[in-house]
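Encoded as structure tokens, here's the structure I'll be asking about.
Going by the order they are written in, the chains are A, B, C and D; count residues from 1 in each one.
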């Protein structure tokens, strides 16, 4: 009953096996390994984007920050949701990598920006000529930080607003596979076909040790990306071990199968919580991440049996009135079992 | 006969086994894994530094740049050898992480700075008050980029110059284990006992997939380091896999055994080259890295049989006069075999 | 009838005379001019702060940005009002000078932050340890961007909140003299006695050509400030001309007399607008800056006679229905005449 | 006998008069003043560059740093002379404005880079692909920091080397007028006709209070320059006072007359020193700046009578052997008199 985070899960055996296979003899360093060529071809094929530039880094913060720095000038701003990972959870990495760009925070229900909200934010910005920061780009997250999903049509509606202002767009896909599984979209439909210019293609939350791809649909940006990556310490000498993980991830749709497992568990968990008297989801749960309020007594019973997850309410104490609602975050992963979910549901039902 | 770089070598079985062991169940992310506590304790023990702050990152450029940023203000300069990795091979990462500090390049034979050279460089700098950049810190590299080693006494003599000006000191120990093996020094003797304030403790070139430790002997700097690391995208969620590698590295002195293997091979290779008519080492070879001039015919014979290494001369062609001397770089690693070395020596001797 | 901005006004004769006097013979450059010593002493006396560090720069953006950079780390955030000049009107200068700090924007009526609002913003921030940016400092503006004033007690209440979190505080005093005149406070009461650590002491909007002082109440910060100023290109070689302006500004309370003239005109204008049927002030007008809605016909009549000021409504056209209310900004300066004000009031009254 | 620096001289009466004239009524701020349009036109005419973008800033460090930031990426390097002002005297401002670019320092006699020296520096750089910083741009200084001058042909030879590598070029013209007077070149001949892309056009050292123009021969860079200037706090609200100074400077060739006065005095001083037994110029003196060794007794006599200038020798004491040679720097300005020069020469001759 471990629902703390998908990034606390182990690595699937296919990936461990790939690492072992990769550990044969010498390999040219810094991305010149033979495996990387295959990874690049695979990702281009998955995305139906034969010209895309594809790079591997080790953390999601890095993927996001490099992508933003590639498209947003230091004197510009990135329009994003107030709860975006780039705004809330990266200790100012976007500001560091962009040399001081701003983030303009947009409110929106369930972690989602609406086209009207985006349009209002952009239209209301940069009205003072040289005196204020300029409109830079738009960054979306899918699965959102609240556990909801944008459909390709929703992404397209948002990028259409951005394009109306001439702005490039980034998609933070730390849970990109979960978003595809949740929506049934293809990788292409969710990205370039929906107007996305650069994608953080997550691997770590979905089973890898620490590998994310950055997929840049305009290959003219490739060399600048390489320089920025190296300069930030994110070019790996023993790159073959990143390549090998990503190769295994893509092989036989492992990435989609892992996400499907996580989402299936998440959907079972969400439906079970929603059906539990006194419990309520805070947002629609589209994938493997959800927020829900449960009465304290339910938390107490689950915790007593070892369930692990974050309580987000300021009052997170297990001491106090039984029926006080407390907001919690639950994340399932590729290795969450049905038994775990069901045991948790039994516990909260008392 | 692969002498391109130690960072192109595979990972020893102990490390692979540790990764497999680490891949059990869930682990708290971001360095809160249980293994990291052990790693911290082990490094403190190895360094006889019970208060040291210890952090893991994935690349040497990162370890160096974060260490420099921790001690050097943006308006100051880092005194280092002209050939230093931080100057030549990191695409300006020190400038990026420090928000624009300078590097002051110091010449010195065989990749080594002398106390007199360091003193002259510092004394000749920052004479214009607010108008020039200030004296920031000193960075040394051991094993140096030319394959030579500083003894602890040499390090101490250099840090004494630095301390005379009130400057902190960094040691780039990408090949720290090789330096200890080469000099017989302990980790403490080579670092804080010799006046070093912060160390990049290399793992990757000596057998890990991609793990370096930063050892900060003044724990008051710890929190700032954590913020800088996160902000640069170098805090790993699945940190346990870094911890596990480092744990295996330290276990039963694996790190020193690996370095001993690399150095032994390197010394055999260096001695063999030096003893070959027409060949000469460019610098004393202290460990597993060396530069030597060989006549083109020798290179041609070795290459024809698959020997791999960099020729550094502008004229690196295999076509041309047989006796033209060409400078080459050779690096041995933990998995270089005696047979490989001897076969190479046989080939260059024709 | 020029109400566009106080920074479009000319320079009073006392300042021109001081420039002429300063233009005698040679003077040591870079702030070593004799006049600067007197300026420093005068500002310390005015602020009853005998230890304060005092520096001159040429623009308000510079004064603010250097002050923020002095106190806010790159991985931290500055809490300020959503309408703050540092947020809206400096093209990201705070982000540039701080190497990428954030601004956390706080809403508040009439351009003012409340203690509760500030407390909520700080308390709600930086709850994620290393994952989010840290609490950095608080920046207030007085006269606010909406033309209101903080009393010393209000400033003290806000800095008390900041100090409760251990945060330093900055006051953007681009219109500091106007704030003192508006509230009757002394310079000390409005700053360090009210808990302010660093002040941008405006001169340009109140009659100087382009001189602002930065007053740092903790002199331990002095040398870092000097380095940051030089590094940003803001140390003037012919510094005597900045010193001379500031000297004249302080002489015989010229700065307060100029602000009194501007405020008197502003108060007359505000009262007149408020008393005009169909017109209304958008915020209480405390000094020389105000926002008011006037019917389009009133604007049309005033503009036709040459009145100059900004219309802030999206529909700023003079074409259209007579009674459409349009929001405008009016700023008076030291040289605004009663005749100008009265003529304007006559015009808008039709 | 004030030879400390040309930036310690007063402002000529034409400039003071222009300031007084500019101080009439209101003027639109931030460069929208009417005078600036005339300045732009005048500079374009002077440079025979009808499309050039022209901006004013207040310090030479700013002009240089903004020009470099406009053309040099953060991951690149600026090739310049080891003694360049941007390297030695700006406290790392180029690194700050460029977000961390490097400077590659080139040696060369008499403060001048040779085409061969430049070619060697560029050719020897950036050989490691993504691992090192990239070739960014070339920056020259004329009058050089050693008081010598480049002819237009020499500038053209250097920019030809730069262009051969595809690199843009900057000219630090803090003493641009002095360079034109020294060489007889026109402004166009010394800049774009000689391959210069962006010029720091100095005013302050040649008589202005604090105004430099940046002349960008490719107008496509204009908007980015405006944003960078604003963001660095260098856009002046009361810009008319910068415009007025520059207008007076250009009017009736005042700028060239001032430089002619400075150079004439400098040449008289240089010739006189060179003709004095025991004294020697350290470099050819082309304009108003020179370095010379004089015996201590000569310095002692001059200083005793009030001569002011910097002694550069580490031993700058007036105590000691009479005949010890001490290196000094002498700078004349537009207001240096023949009498001053001759009196100094008489004194050093004893």
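In this section, a contact is a pair of C-beta atoms (placed from the backbone, for glycine too) under 8 Å apart; a residue touches a chain by one contact, two chains touch by 3 or more.
All values derive from a computational prediction rather than experimental measurement.
Between A-C and A-B, flag the pair that has more C-beta pairs in contact.
Top pair by contacting C-beta pairs is A-B.
Find the pair in B-D, C-D or B-C that has over half of its contact pairs, by residue number, in common with A-D.
When the contact pairs of A-D are compared with those in B-D, C-D or B-C, B-C matches.
Can you tell me which chain lies farthest from chain B, using the average of the Cα atoms as each chain's centre?
Centroid comparison gives C as the farthest chain from chain B.
Rounded to the nearest whole Å, what is the centre-to-centre distance of chain B and chain C, using the mean of the C-alpha atoms as each centre?
About 52 Å separates the centre of chain B from that of chain C.
Need the CA-centroid distance for the pair chain A / chain C, whole Å please.
Going by mean C-alpha positions, chain A sits 42 Å from chain C.
Please compute the C-alpha centroid of chain A, do the same for chain B, then give the distance between them in whole Å.
34
Return the residues of chain C touching two or more other chains; collapse runs of consecutive numbers into ranges.
74-75, 90-92, 96, 99, 130-131, 227, 230-231, 235
So in the complex, the part of chain A that touches chain C is made up of which residues?
74-75, 88-92, 95-96, 98-103, 128, 130-133
Okay, in this complex, where on chain B does chain C touch?
Residue positions touching the partner: 30, 73-75, 99, 130-131, 134, 226-228, 230-231, 235.
Name, in rising order, each residue of chain C that touches chain D in their complex.
Answer in residue numbers: 2, 4-5, 7-11, 16, 19-20, 23-29, 57-62, 65, 90-93, 96-97, 204-205, 209-210, 227, 230-238, 241, 308.
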